[in-house]
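All chains are identified by letter, namely A, B, C and D, in their written order; residue positions are counted from 1 within each chain.
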Amino acid sequence: AAELASYCVMLGDDALVYAQRLSEWTSRAPDLEEDIAIANIALDLVGQARLLLTRAAAADPGIVPSLPEGSPVPAEDALAYFRDAGDFRNVRLAELPNGDFAELVVRLLVLSSWRLAIFQRLVAHPDPVIAAIAAKGVKELSYHRDFAGRWFVTLAQGTEESRRRLEAAMAGVWPLIGELKSPTAVESSVGADPAQITDELEDVLAQVLSVADVTPPDVRPIAVTRGGTGRDGMHTEALSRMLAEMQVVARAHPMGQW
Amino acid sequence: MTVVEEAPLEEAFEQTIARNDRIEPRDWMPDDYRKTLIRQIAQHAHSEIIGMQPEGNWITRAPSLRRKAVLLAKVQDEAGHGLYLYSATETLGVSRDDLTRRLLSGTQKYSSIFNYPTLSYADVGTIGWLVDGAAICNQVPLCRTSFGPYGRAMIRVCKEESFHQRQGYELLMTMMRGTDEQRAMVQESVDRFWWPALMMFGPPDGDSPNTERSMTWGIKRHTNDELRQKFVDMTVPQAKALGVTLPDPELRWNDERQAHDFGSPDWEEFWQVVKGNGPCNAQRLAHRQRAYDEGAWVREAAMAYADRQVDENV
Amino acid sequence: AAELASYCVMLGDDALVYAQRLSEWTSRAPDLEEDIAIANIALDLVGQARLLLTRAAAADPGIVPSLPEGSPVPAEDALAYFRDAGDFRNVRLAELPNGDFAELVVRLLVLSSWRLAIFQRLVAHPDPVIAAIAAKGVKELSYHRDFAGRWFVTLAQGTEESRRRLEAAMAGVWPLIGELKSPTAVESSVGADPAQITDELEDVLAQVLSVADVTPPDVRPIAVTRGGTGRDGMHTEALSRMLAEMQVVARAHPMGQW
Amino acid sequence: MTVVEEAPLEEAFEQTIARNDRIEPRDWMPDDYRKTLIRQIAQHAHSEIIGMQPEGNWITRAPSLRRKAVLLAKVQDEAGHGLYLYSATETLGVSRDDLTRRLLSGTQKYSSIFNYPTLSYADVGTIGWLVDGAAICNQVPLCRTSFGPYGRAMIRVCKEESFHQRQGYELLMTMMRGTDEQRAMVQESVDRFWWPALMMFGPPDGDSPNTERSMTWGIKRHTNDELRQKFVDMTVPQAKALGVTLPDPELRWNDERQAHDFGSPDWEEFWQVVKGNGPCNAQRLAHRQRAYDEGAWVREAAMAYADRQVDENV
């Protein structure tokens, strides 16, 4: 149960943290259609995060931060709003500060392709709640990946400027893909087969890059340090800043009703 | 189209209006009617787009995941409303890009309410309750407006805004059941938004030169003061149920009129904000300008890509 | 005493909030010399804020936010870290998000000229603590104003680009100067003579603009609304975001020792 | 300068070195000596400048006004150290702008420790205690280094860094007297920084090809492993006084050696970070590049203005 909870927190935090970055785009997108689409993706991910954090809390109530006696804050919000950065288990790619629209497209392509590969396999997970969450998520993530894939090709083949920006964005995102391919013990034991996921991620990216006629950037992955990675609670400097903003109202009112 | 032909066309137009039927984009319409409509629908569309900012300001700080989802969806709906309304305007022969430039250059306005800042999460609820509430009062009659695409867009907009209004009221109701600090937040927010909400109906009828013509054309169906009265009468019992005080010492029920008497908003403030000197006018336009500028390369790339696809298919 | 406390909070918050904005510049300035100078100005202002908030708390202990029994947080920090945005009394010009270096120069010129005009008069204030704070501050603020004034002239007469940026910055700052010239009742009664301060501010700006050969921008002041201004606790949307970051660690540890 | 003249010059240079006297910028020096010095002093200057970022990350979140002032002053001192050290390098005939470009292009390095992130306020203390502590061990001998401007700069730098180290230790000590959460923060921070701090002395002596020549020239005065041992011996009792555990199960006093035995850092990680693949390498350089680019118009304006003043005075 502890492992299952831990796994749900990982997947939930990926969704929660990246949804927060996507929601920062609201009213800032290149056009109304993209503004709506990005909000939609953020909404889907918030929904996934809620289900997964709730499942995690049910599997192991011990992981839910304790709040003052009588606090009406539900478990999903206790987890989202009352953990410090070091207790988050998302991959670091999810938390990086936003760049330009090309950065959004590249990061979304990578994260949604990876997550879709995971969810497609979790549909058959022995835990029926996770299987149901995955079944719903597969539809959502297919849309996210399509949106990112279409824009990836558009930017690659649009103007010189858009291709230049796309390549710069890839150079920033690629070094963090290694973390997606390095499963923790919990993921290997409770989750879908990491080797299959990695294969599918690589296939999908290769296919999109080929359609877009783009080569992978010549960058090296960020090294593993004794400190560990996002899955171990070792994050970039960006996460605690993001959480300061995300959690400020909730933390000011631990007894609040919303 | 020559002058000779215009007489019967104008007659047909006026008959349609008189019958309370819809004018459609392909129908003949007087130039002034078209211009008035463009101005009004565009202003409405701009209001939706600029209106994303004050509430959008709190998405990243929403205090629960449920509220974050609700607020994201609401701001997304506003973008959607902007989209339909720009489309309605496009049937009158102006492009969205054109209208965006007019917004950014200040030649077209948006609702002044969005030039006030949002200073606490309670403002999300208050905007739903009071600002969307006032907007609905203004807009429900527009569902019967004479121009077809506008009327149909308004039906959809009004439906969604009623939903937003209920959500806003429900947030405030929930907060009022919470802690003392939360109740104080709600009251403080209502204190700030009450008067600007009343100003949303526009200046007093005596100072509203366009009202009469718009009413004749069936673009507008009630005067500013009528709508304001209706809003106050509708809102007072809601405030009571909520447990907040509306910040107007002159507000009381008038048994004779079967309506509430109420104080007068600060019209000097109203005109200052309309003229661009409100607390957030510069900020709102600068934000939109930045998004527009930063998106330019993306829109260009999309066009270049689309052109290439067309070429390849030829 | 309540009025004196309130006045000290106003002056203290101006310093605290603008120091926070200046400190965001650290490691981002155009060159090392400016990085050092900006940090120095921020340091001076933090120092002024500490003295003024401490004086305020001594004059009226009722204004200090209450913390859990036994909290070791001193009054200056309780005021800085445990008040919400609506309880801050700084002018809005102090809290605006940072722009480019030209924006820094223009805003610093205005705020330091204004504050120097105030402090020069407070040197003779009947409250000996305020008089002493002012005496120390006058030296510091003279340096701040000189730094800003020199850069103002440099940017005005440097390149076309620098002049364009300077003028854009002025257009952003000028509408908020009106608030500096509209004293609250407390300032009129406890502080230095507002009319003299306004005169001196206008004189100084006129002089610098004339040396730089720049004309004031053609912009209208932000209107007074029933909501009030920064001095009434009515701020821009930027302040609560700034405080979310500034206060996050302190608020997470109300019983903490630092 | 011809070959004929070089022999006596070289002799004078070597005599100066042998006497432990200073070489001054106007003195003759071998090309390799000059290059080695430029590389070393520039790397040191770059470290100060990049080192502003990890601590600067917490200035805006400092948990008390006193700590905010202390941290601002410290980061400001680092900028100051960068300034003196760039000046020392300039006496060897390279400009600050040149060196900045070499930093940004990655052809000159900075201390790898700054490629680790700062994740809590305790890191401000730990950096003062361990990182400045290690830096001081490295730098104190450099006060006697053979090149005059470098040695004199180091005297000032070391004095200020000792002060910073005491401040860092004092912050940790204060936090350890605070709440359980604060104590946990300190321990977690020490766990992260201990091994990277040990790596600051460079690779084991066997893998450090430049050490010997630098020692012959009096640019360097102790080997990496000597300094590392000294640091460990100095730090262990401080850790005990603080009440934290150093995360090395092999760490223990060796009575025979009268020194501590300790484990080996992960040298694979060390080389990865040196090669640019550490957790923050890209972030640190991108930050510096952005500041440099965004400041370009200001530096140009200042030069244009200065040129104009000179012209007017001619």
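Worth pointing out:
Convention: a contact is a pair of C-beta atoms (placed from the backbone, for glycine too) under 8 Å apart; a residue touches a chain by one contact, two chains touch by 3 or more.
Only a predicted model underlies this, so the values are computations on that prediction, with no experimental measurement involved.
Each of B-C and C-D has its own count of C-beta contacts, and the greater count is at C-D.
For the pair subunit A and subunit C, the distance between C-alpha centroids works out to 40 Å. Note: centroid distance subunit A to subunit D, computed from Cα atoms, is 37 Å. Multi-chain contact residues of subunit A, defined as those touching 2 or more other chains: 240, 244-245, 248.
Residue positions of subunit B with contacts to 2 or more other chains are 61. Chain-to-chain contact here is organised irregularly, matching neither a line nor a ring nor a star, and falling short of all pairs touching.
All chain pairs in contact, by the document's touch criterion: A-B, A-C, A-D, B-C, C-D.
Of all residues in subunit B, only 54, 57, 61, 116-120, 188, 192, 195, 266, 269, 272-273, 275-280, 282-283 touch subunit C in the complex they form.
Contact residues on subunit C toward subunit B in their complex (touch as defined above): 85-86, 172, 175, 220-227, 234-237, 240, 244. On the subunit A side of its complex with subunit B, the touching residues are 16, 20, 23-24, 26-36, 39-40, 42-43, 46-47, 49-50, 53, 72-74, 76-77, 80-81, 100-101, 153-155, 157-159, 161-162, 165, 245-246, 248-250, 253, 255-258. Residues 84, 240-241, 244-245, 248, 251-252 of subunit A are the ones touching subunit C in the complex. Those residues of subunit B whose C-beta lies close enough to touch subunit A in the complex are 49, 52-53, 56, 59-69, 72-73, 75-76, 79-80, 82-83, 86, 121, 171, 174-175, 177-179, 181-182, 287, 290-291, 294-302, 304-305, 308.
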